[in-house]
Amino acid sequence: MQTMRAYVFDGVNDARIKEVTRPHAGVGEAVIRVTLTTICGTDLHIVRGEYPVKPGLIIGHEPVGVIEDLGPGVTGYELGDRVLVGAITPCGQCRACLSGSQAQCGHGGGYEAIGGWRFGNTINGAQAEYLLVPHAQANLAKIPHDLTDEQVVLLADIASTGFSGAESGGVRIGDTVAVFAQGPIGLCATAGAKLMGASLIIGIDGDNTRLRMAQRMGADVVLDYREVDVVSEIKKLTGGGVDVAIEALGTQTTFEGALRVLRPGGTLSSLGVYSGKLQVPYDAFAAGIGDHRIVTTLCPGGKERMRRLMEMIRHGRVDLMPLLTHKFSLDQIGEGYRLFGERLDGVLKIAITP
Amino acid sequence: MQTMRAYVFDGVNDARIKEVTRPHAGVGEAVIRVTLTTICGTDLHIVRGEYPVKPGLIIGHEPVGVIEDLGPGVTGYELGDRVLVGAITPCGQCRACLSGSQAQCGHGGGYEAIGGWRFGNTINGAQAEYLLVPHAQANLAKIPHDLTDEQVVLLADIASTGFSGAESGGVRIGDTVAVFAQGPIGLCATAGAKLMGASLIIGIDGDNTRLRMAQRMGADVVLDYREVDVVSEIKKLTGGGVDVAIEALGTQTTFEGALRVLRPGGTLSSLGVYSGKLQVPYDAFAAGIGDHRIVTTLCPGGKERMRRLMEMIRHGRVDLMPLLTHKFSLDQIGEGYRLFGERLDGVLKIAITP
Amino acid sequence: MQTMRAYVFDGVNDARIKEVTRPHAGVGEAVIRVTLTTICGTDLHIVRGEYPVKPGLIIGHEPVGVIEDLGPGVTGYELGDRVLVGAITPCGQCRACLSGSQAQCGHGGGYEAIGGWRFGNTINGAQAEYLLVPHAQANLAKIPHDLTDEQVVLLADIASTGFSGAESGGVRIGDTVAVFAQGPIGLCATAGAKLMGASLIIGIDGDNTRLRMAQRMGADVVLDYREVDVVSEIKKLTGGGVDVAIEALGTQTTFEGALRVLRPGGTLSSLGVYSGKLQVPYDAFAAGIGDHRIVTTLCPGGKERMRRLMEMIRHGRVDLMPLLTHKFSLDQIGEGYRLFGERLDGVLKIAITP
Amino acid sequence: MQTMRAYVFDGVNDARIKEVTRPHAGVGEAVIRVTLTTICGTDLHIVRGEYPVKPGLIIGHEPVGVIEDLGPGVTGYELGDRVLVGAITPCGQCRACLSGSQAQCGHGGGYEAIGGWRFGNTINGAQAEYLLVPHAQANLAKIPHDLTDEQVVLLADIASTGFSGAESGGVRIGDTVAVFAQGPIGLCATAGAKLMGASLIIGIDGDNTRLRMAQRMGADVVLDYREVDVVSEIKKLTGGGVDVAIEALGTQTTFEGALRVLRPGGTLSSLGVYSGKLQVPYDAFAAGIGDHRIVTTLCPGGKERMRRLMEMIRHGRVDLMPLLTHKFSLDQIGEGYRLFGERLDGVLKIAITP
């Protein structure tokens, strides 16, 4: 039995590189040799025990690699093909997938909440030398020759999620958009709003590096919540409120801010992962009759989503390289977690090379 | 100066029939002689001081009448035309109206939250002998000869609102729908879900009369929250949750119930008017990544909406007459308010004839 | 090697019952023992050589049956399960399917025009004792115990197609709808328009039996094109044109009629299969600046579509039994084709029992 | 009675500057002193008699000016306000406008095909010193101080129309788009596709100047139909067809090309004004079952549309100045028509200063 090195969660604050069994591909599956992956904020929550997974799990959900093994029933691929796999791996064949709710995939059956997110959550993830890809036919996206691993790795999760903030918000040509929090996902939401034709994009954060990066990703105005009253400032800038507000952090403060800056009839597009009770202030919500919409979205996945996003990189529509601030080898991943966890050195996203 | 009789709010729990000045039509306005109107739950909130309006205001927002006066600039109508006017009277010419958010009408300017609701809120209302209709060109809907006043009066508010619960929820052929609360608006939401092709409609209330009426309006299953655990029962009936849940009361309990019965990717269509803080339970919301949508809607108005709804009555698609359980003259309106306020005699909606 | 009886196309006007090899299930596939199927108008075109398929093909695409064999990778089913399979069998895992264009399925790869229609077109079909179902995980829809084979068989194609005429047309509460041609698909389009809340539905045909059936399926008004000028009559009935016109035959006349009765901004939803050049008359099209939409749709398939439609039957929303006018055994299928081809005895749809 | 100078159509090829009566504002109307306008291709068709209007009409429909007179019922404006008025002037209060079909405005009543286009078509237009604006409340868009007349004048028609090609086509992040014809409207459609997030934009024309400008407006690839087989080239570039094809000329060739390059399930967004019969080739249309959509759009108007587009200019999202290649005084307008008609000197759009 072959083994491989992988970053394994063994309990709260107890994760490390270990030698584990190497996967092989069953029916409809593939195995890729991971050539590049990342550390995500969610991984940090897992290691810290804030998001529970079962001990023994390999973490990570943003994989780029080379096909090493193809199970029966997977066609149109060859060993050696370089592929990107989304963080969300829909089966394409359950009720949810057939209804277009691929992130809520039920793996052949009905709907399952957050069921499309499996890597590093309910099955082994990408911070390893090899990765088993379920429903491979639906999830292996070949990488065009003119794109590097580094150029596409952030599409697997943060770009797909961030862009979906603008997409689910229904941003139209001429809309005003506010994006609350400018971490990696918020920065991609900012880029997404720009890509969809917003006229004015306002980025909000309390970190100078991120605010500068927000301008680079498309924000026309950035607001530091440590310095200004964000809600009143946005109302003034927009003459009464934005068309779309995107929440990209998952806190009561950012959610409430996003709701308070909406114009009547506006849309709050929420990307954050919340914990505890979320409060909807009666007044900000026009007592429930302001024709507001609150839309939540989990990262869209599947090979077609990845293909489309790779085309955006290819044609120069967006460049995610500035977000990839650091790089570590898999063996040094612990150091990467530390730097990422403490937000040192202006870190945004860390690349991991197995 | 001519006068008329009208039901005037003079302060909390202080409303009565008074003799007041009769309106006349200015530019773009019309005056109708009211032939039928109603008492709405909102009117009750106003009289009780739970929804503040300025003293001296005539209450009521569901008018049927005959054109008595037409101001300059109103064309295509004649004195004597029988018309229905929606509870919401958009101008058609402001930013909100031109963007399709007519209920958030800014009266020629920008967006104004709930700005489309003026009758009995910010201008005099329909519980009077005569009613001034603003933006008459956009709001006078001629009543076809084959329809009576009684057949159409409930379209002005409750049917337009109730149906919009299903419309904003995006009910599709084959969807399962739960409607929380079966008051007049919830009953119309139930009818709306049926009209749009829901396969299974579940009506929830705690009042036997209303549950029976829910079945008449289209519910396949009715659940009495006094007797069953509504959330688990609905999950069982639907194999995991409904596609669309409609909230039609405006309380934390009904809102939370509606959220808890949603399948991943489902839509909560909210019609209720809330007070105080609304809580979104983290678990019911899949931590914000269940691809849920929460959509709020204020009653769609304007003459075209009224025309379309009247066609539904004409062609027998829906019959609202069973909801019109009582009738009083304008002079007896106080008695109507008492009966309505105490929910006596199986009352659903009360017609008022000036 | 086991054999079975099947209706095989061997060349133009040369189709017959033959003994052929019985299929077995490979990876991701299933075999069902067919318990009920039908003859479709398309089958007739095939036999007559008007739609080319390769000789040796088994015809038919509306299957109900019992699972006889399950290939590797198909989960959640057991031998003996009673299932409905749509005429369109998407893979769920190609670019088209992952983008929601399941009828244009590329079988794991890109888009393929009409690629989702395989039964009796590019692979063996349902007029046989056994049927191989590709992409079984995405296409086997279990039939609820309280539904008979006869109740659901027409969902596989004509009901799914007909309803989609209204769905793609975007029929809304209060819309006026005209349905051109009242064959089985047009009748289901009529039913679909009713299900979605149309206020006035006008059915057009030149056959008395079909016009009567149109009324039964939901038409408020039926027009016999042999007797009235359909276009002017509809414009009169609707005060200027319908919101949605559905074409359900595939001829220049019906297409042009549908276009001519549209109001400005209206939608032509086209279901027919056309041959030759189709002309869009400049005037009917407002020179291309009337904000018209022309939308074409191929039958939506997949197990979730079938499940949803079966729920419509279960809850009494629609009854397709009146359309199933005749029944033949598989051995007598030739007689069925003759009767269907000559439109004898008021035939609408013919059931075939293997 | 005051007079003014205006360019008047008196018959085929008979248009000239004349002294005519100056308009004054009635109820709901305004008069603006025109400070900048343009010559449009449609104006040329009118002068040449290819699009019939009644003799005596003042031509032109792209006005920028200063409010000179305000009729009763117009509020929120002051004499001297600098405004942009769209080519389409919806009333906001008819069935069409209240349904969102503002370009098919019925002026207070029902739907009227192309009814929103009035300037220089059914009422006097903008090539004059003064212009009467109907439904002024819905149509006067104040120009921000930091924008010049030249920067915004092309929003009135060509930019609003061109962008709508991408909007009605439903361009999404990652789509491939082909734009047939790169005249002023096609160039704006190209810019619109870029604004909405297309990954690859292909511009088609047979004029070198326009192809170069197409690249400047956002085309990634330009194809000269004089040199390449456009259809096969696009299929090769896109691996099977584009997601959205935009037609921006109004000929059989461009329409058919746009249809032929569509992938299954794709959308043809048509902007052109056609004459004569348009043919839909059966094969390009997948016999009507390729899930294609053909969507036509007339220029969106109204003050809110204009406001939104001006915000796009303000925030540097698009720059239309390169399209404004020439400038003439109103007295020299005949010279402008000649240059424009003969397509001399690389002309794209001509500004006229009264």
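Going by the order they are written in, the chains are A, B, C and D; count residues from 1 in each one.
As a convention for this text, contacts are C-beta pairs under 8 Å (C-beta built on N, C-alpha and C of every residue); 3 or more make two chains touch, one makes a residue touch a chain.
Fair warning: this is a prediction, and the values are worked out from it, not measured in the lab.
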item: Joint neighbours of chain B and chain A, given as chain labels; value: C, D
item: Result of counting contacting C-beta pairs for B-D and C-D, higher pair; value: C-D
item: Centroid distance [mean C-alpha coordinates] between chain D and chain B, Å; value: 40
item: Contacts with two or more other chains, residues of chain C listed in rising order; value: 99, 307
item: Residues of chain D defined as touching chain A within the complex; value: 163, 166-167, 172-176, 192, 195-197, 199-200, 220, 308-309, 311-312, 314-315, 317
item: Chain C residues touching chain D - in the complex, by the definition given at the top; value: 96, 99, 101, 103-104, 110-115, 239-241, 250, 263-265, 270-282, 285-298
item: Residues of chain A that touch chain C when the two form their complex; value: 27-28, 72-73, 75-76, 90-93, 95, 97-100, 102, 108-109, 135, 137-138, 302-305, 307
